[in-house]
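Okay, so here's the structure we're looking at.
Per-chain numbering from 1; labels A, B, C and D assigned in written order.
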Amino acid sequence: MSVKVAINGYGTIGKRIADAVASQDDMEVIGVTKTRPTYEAKMAILRGYPFYAASEESVGRFKDKGIEVQGTLDDLLEQADIVVDGTPKKMGYKETYEKAGVKAIWQGGEKHELTGLSFNAQANYDEALGADYVRVVSCNTTGLIRTLYPLHKEFGVKFVMAVMIRRGADPWDTKRGPINAVEPVLKVPSHHGPDVQTVMPYLNIQTTAVKVPTTIMHLHSLMVRLKREVSTDDVLNVWEDSPRILFVEGEEGIKSTAQIMEMAKDMCRNRTDLYEIAVWRDGTHVVGDSLYYYQAIHQESDVVPENVDAIRAMMEIEKDNMKSMKKTDLALGIEC
Amino acid sequence: MSVKVAINGYGTIGKRIADAVASQDDMEVIGVTKTRPTYEAKMAILRGYPFYAASEESVGRFKDKGIEVQGTLDDLLEQADIVVDGTPKKMGYKETYEKAGVKAIWQGGEKHELTGLSFNAQANYDEALGADYVRVVSCNTTGLIRTLYPLHKEFGVKFVMAVMIRRGADPWDTKRGPINAVEPVLKVPSHHGPDVQTVMPYLNIQTTAVKVPTTIMHLHSLMVRLKREVSTDDVLNVWEDSPRILFVEGEEGIKSTAQIMEMAKDMCRNRTDLYEIAVWRDGTHVVGDSLYYYQAIHQESDVVPENVDAIRAMMEIEKDNMKSMKKTDLALGIEC
Amino acid sequence: MSVKVAINGYGTIGKRIADAVASQDDMEVIGVTKTRPTYEAKMAILRGYPFYAASEESVGRFKDKGIEVQGTLDDLLEQADIVVDGTPKKMGYKETYEKAGVKAIWQGGEKHELTGLSFNAQANYDEALGADYVRVVSCNTTGLIRTLYPLHKEFGVKFVMAVMIRRGADPWDTKRGPINAVEPVLKVPSHHGPDVQTVMPYLNIQTTAVKVPTTIMHLHSLMVRLKREVSTDDVLNVWEDSPRILFVEGEEGIKSTAQIMEMAKDMCRNRTDLYEIAVWRDGTHVVGDSLYYYQAIHQESDVVPENVDAIRAMMEIEKDNMKSMKKTDLALGIEC
Amino acid sequence: MSVKVAINGYGTIGKRIADAVASQDDMEVIGVTKTRPTYEAKMAILRGYPFYAASEESVGRFKDKGIEVQGTLDDLLEQADIVVDGTPKKMGYKETYEKAGVKAIWQGGEKHELTGLSFNAQANYDEALGADYVRVVSCNTTGLIRTLYPLHKEFGVKFVMAVMIRRGADPWDTKRGPINAVEPVLKVPSHHGPDVQTVMPYLNIQTTAVKVPTTIMHLHSLMVRLKREVSTDDVLNVWEDSPRILFVEGEEGIKSTAQIMEMAKDMCRNRTDLYEIAVWRDGTHVVGDSLYYYQAIHQESDVVPENVDAIRAMMEIEKDNMKSMKKTDLALGIEC
């Protein structure tokens, strides 16, 4: 049996999840929705996804441009087992999904309260088994959990201080700035720390954040106090065995987020996405009683495999998180 | 018979030409060279290219990092029919290639005088038939020829004024600026006009250029006076039938170079490259006696198919330029 | 008698005009308005300007922050001879000013139709003599007129093609992008050409425009066909004698807009503004039948002296435009 | 008696120190040097500084451009009591200064070992009394000391973790990138922590750093563990009483480094410099056992007043650091 997945909102994240779902053998994309006849709509059709209008009103817009739609969101939901919501935050589709009786996954732009269940495949897959509504945490939160959860499990974590240097806008988003400034999140703690705690409530973490004029990746500078005395190699070894972490090295010419994205282009992935968290091997150092490291987050794609795993957990087609992750990662080219 | 192609310099352009050559059925990559054990070297090996050290000295550097090389550039050239030079400009490999008795292709960073023959597949393929040394013109020059040659052929061109808004650095190149400035090329004409004339000596063209803080594409704003009175549709129709031009539309949400690159990511091309010149359909206007249009150039890849065609012309495995272009484009996914 | 000037909207442009007016001996700032208790409001008070709330509603906002206001806009207008509108475009204050019976000056964000009279001190000062409502044209339009009017007057102009490379946002404006893209104005002609013609209706000009990720200046690349054959020196000599043009040289290290702004910082001007249009002496070339040149526009300040002159013309305190400009420029440090 | 100060290297920092020295009543600029006839050389002359060629060879370059020099560096040093070195780092002028028998001040680009004495006016003025060679620490280090020293003095500091988000290049420097990337300093600790300890050897501090595509300011995100339990207000009160700290507020519209620089423009300072460290009042929070805050550093100017104070200490014309700072700050407009 193949799980029937609807994608509501074929944008930055929706289109990536669509492709990821389509690449798995136990689920399929039965349709994607769009509100406007943009180039992304055309590309969805070119990729062969059954195409639906997000609402009655938008049907006309597509017709005007000669784009045929298979129906509306409601028609799509009727046939779906589960819907992945890729719409802008706070669009309030929950009632629609409930009425249609489909399970639903939201992204990290939504608040934890919407579902009461925030998800990361490594940290709390089991909690999502059979669940109706799940929120996959944001790209930054996912990034933090990917490297912190293994540290917690292996060594125990006393305290984390993370400074997030965030990209100002996604590559396609030309309206948002800043062009030449650094903008701190004045509220301390920033929302990222508490957001990690929706998945790892036991973690003592503090975060601050600044926005900078770049489009390609977020970068985190972290300080972690562990419960055990460890060496830098101990830490690297734990991450080596953890899923969805990719080591990069300044020594090999990867000095910044730019060269990481260049390497991703060389890796033949779909859309040159980097689903893994990139950790600098030679930027990881245990100094005194603390571990310091840098990691970079491809904000457009690191949550994509998590969405696939969430589908498996919610549909209970795989009970073991490691097996689901392995399956997802093989299909996406993360493992080979 | 498959043409044996060596790639000297597996960088921004070399790696793309390697992949493009490998995708054709009448030529093959017999090896690539590199001077340093960077991530790009690792990626070359991962992609399965026979790997050579650029020089005796660099052999040791690779050995130190546990990277095995098949030999040096000299060893590689011995087996090659033709070498594509992807090294930084003015590296002076000409004597080496002559001594090895291989044909050679250089990129547009070199001067016309190096080969005496500058190349564009559409405009002067025939001149390269059987040639030993060819220079494929630069990304900007290639972009100008792609749209101007059809206009010249169909309507005749009286005068061209092109302002090139150039990206400051390639995406991976984090050393070069500017971060927040616009820098004009004070010399007028800029070198681009005369460079077009190395291929189209009959064209009356004037160019100016400025450098801006972006990494993703060049953009050209052009004014063209044609020899015949034409409508905007006449022009669009001619380009519709011309190779390696892709129309984009502001109407469909493609407002800037950023959305063009986003669309390219959606197109499943290798490295999300855009080999075509992107022309705004709704940015093309005949006003009074002049044609105005904007085009965007993916500086890293538009010359890639031209290199493949140059190989065919020089090796005389295809005498008809349209057939070579068609073959190249099918393999690269430009046509389908 | 000193002209009583009200400044409605103490923002990017309003604050600069306030300072410029205050520096003249025949006019004075009787008050400035603001809608919100921002740092700019505090700075207005620190500079000693009588401070007014833009509306009844905003009075409370200031009181909450302990900022005392002298009254509202209406109170201010009662005492004013003339008001300079520095509010965001299309705020629709015209009726308010009419009701108060004060003359008014708007900025170039408004349409020509609002006043029917668009102004540049050099080109059409006389038309504004005694006028009630005047629109000072935008920074880009002012820049074009500054260099084109002298060419028109001295040599006659057949045709102008101007490509405007525009800054994406002002330095303080961190909301607007693009961060990494070039965005053309697909409509051709862009509005700039017709806007120049509101002041110089006899000029045959065509313009295109692109937006780039910089905050500091606009840059124009121009091609001009003159009615007479001239040398580069002829052109430079005419500009040498024209007001509000400043020559810069690549030879002396001024290679981009960044070094122009650095030089402006060294010039001890208020806010390090550059009221003049910066023209590259060694970027000016007569080639064939055309003149090519580059100019840079400090978008925040080049219209400031024009506003001062407009006040003089409208109040008829000076009938001779050259005398007004001279007086303005001495006070602003443009001439010494 | 007025101290005779020579400025060797009239660039970004040299020109600012020249102006600052010139604004004091107990010291004077007896000359500045330059190696090339750039616009900065012209500006030095325009500002009225006696102008010297940096070396014999450069004399000719100035003569060629019609710029008269008063002599060479050697001639200048002969008359000087003290020289401030504003040359690029590692230029090795130490022997020259020793031979000339003048005291000398270097900037933070040099290593501590050059002088054995690193300086901050607040923290260790006394150590510089009568010294021959002093190094004023870098802009970032100065920024850290400005806010940390008062915390240390008042509350005691257990541990500091500072993440420095550094501007990629100065505003005038268009050669350096990155244009679109974030680049971490992979070495941990970065050099900033140890550099603070050259002045405050007793401070337990750890620093990491990243470079981002902005030109205007550095921004620091800090976490500080104090020896006493304190409230946010306690901390703000201490800084309120400390020299060269300026509070800014997000509430008042200062959301990023861009609005800080806009405010600086409104403050009528020379070159719109901001000598103070800007600390966000509403970005300062005591959470749990730690203090978190953000500060922004105007990299071009925060060390300027420190250089003036260093001159006073070394020449022993003022023994009390608070008095020297007060005098400096009044002349520079920091206090009024």
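Here is the rule we go by: a residue touches a chain if its C-beta (ideal position, glycine included) is under 8 Å from a C-beta of that chain, and two chains touch if they have at least 3 such contacts.
Keep in mind the model is a prediction, meaning the values are calculated, not measured.
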- Message: If I rank A-C and A-D by number of C-beta contact pairs, which comes first?
- Response: A-D
- Taking all residue numbers used at the chain B/chain D interface, answer same if over half belong to both copies and different if under half do. same
- chain A and chain B: spacing of chain centres that average the CA atoms, whole Å: 35
- Compute the distance, rounded to whole Å, between the mean C-alpha positions of chain A and chain C. 47
- Item | Between chain A and chain D, centroid-to-centroid distance (C-alpha), Å | 42
- Note on the structure: Residues of chain A that touch two or more other chains sit at 171, 173-174, 178-181, 183, 213-216, 255-256, 258-259
- Report the residues of chain C in contact with chain D in the complex, numbered from low to high. 15, 36-40, 42-43, 46-47, 171-174, 179-180, 215-216, 248-249, 252-256, 258-259, 261-263, 265-268, 270-272
- Complex interface listing, chain C residues touching chain B: 161, 163, 165, 178, 180-184, 186, 188-189, 206, 208, 210-217, 219, 221, 223, 250, 255-259, 280, 282-283, 285, 287-288, 290, 292, 294, 296
- Query: Tell me, which parts of chain C touch chain A in their complex?
  - Reply: 168-169, 171, 173-181, 183, 213-215
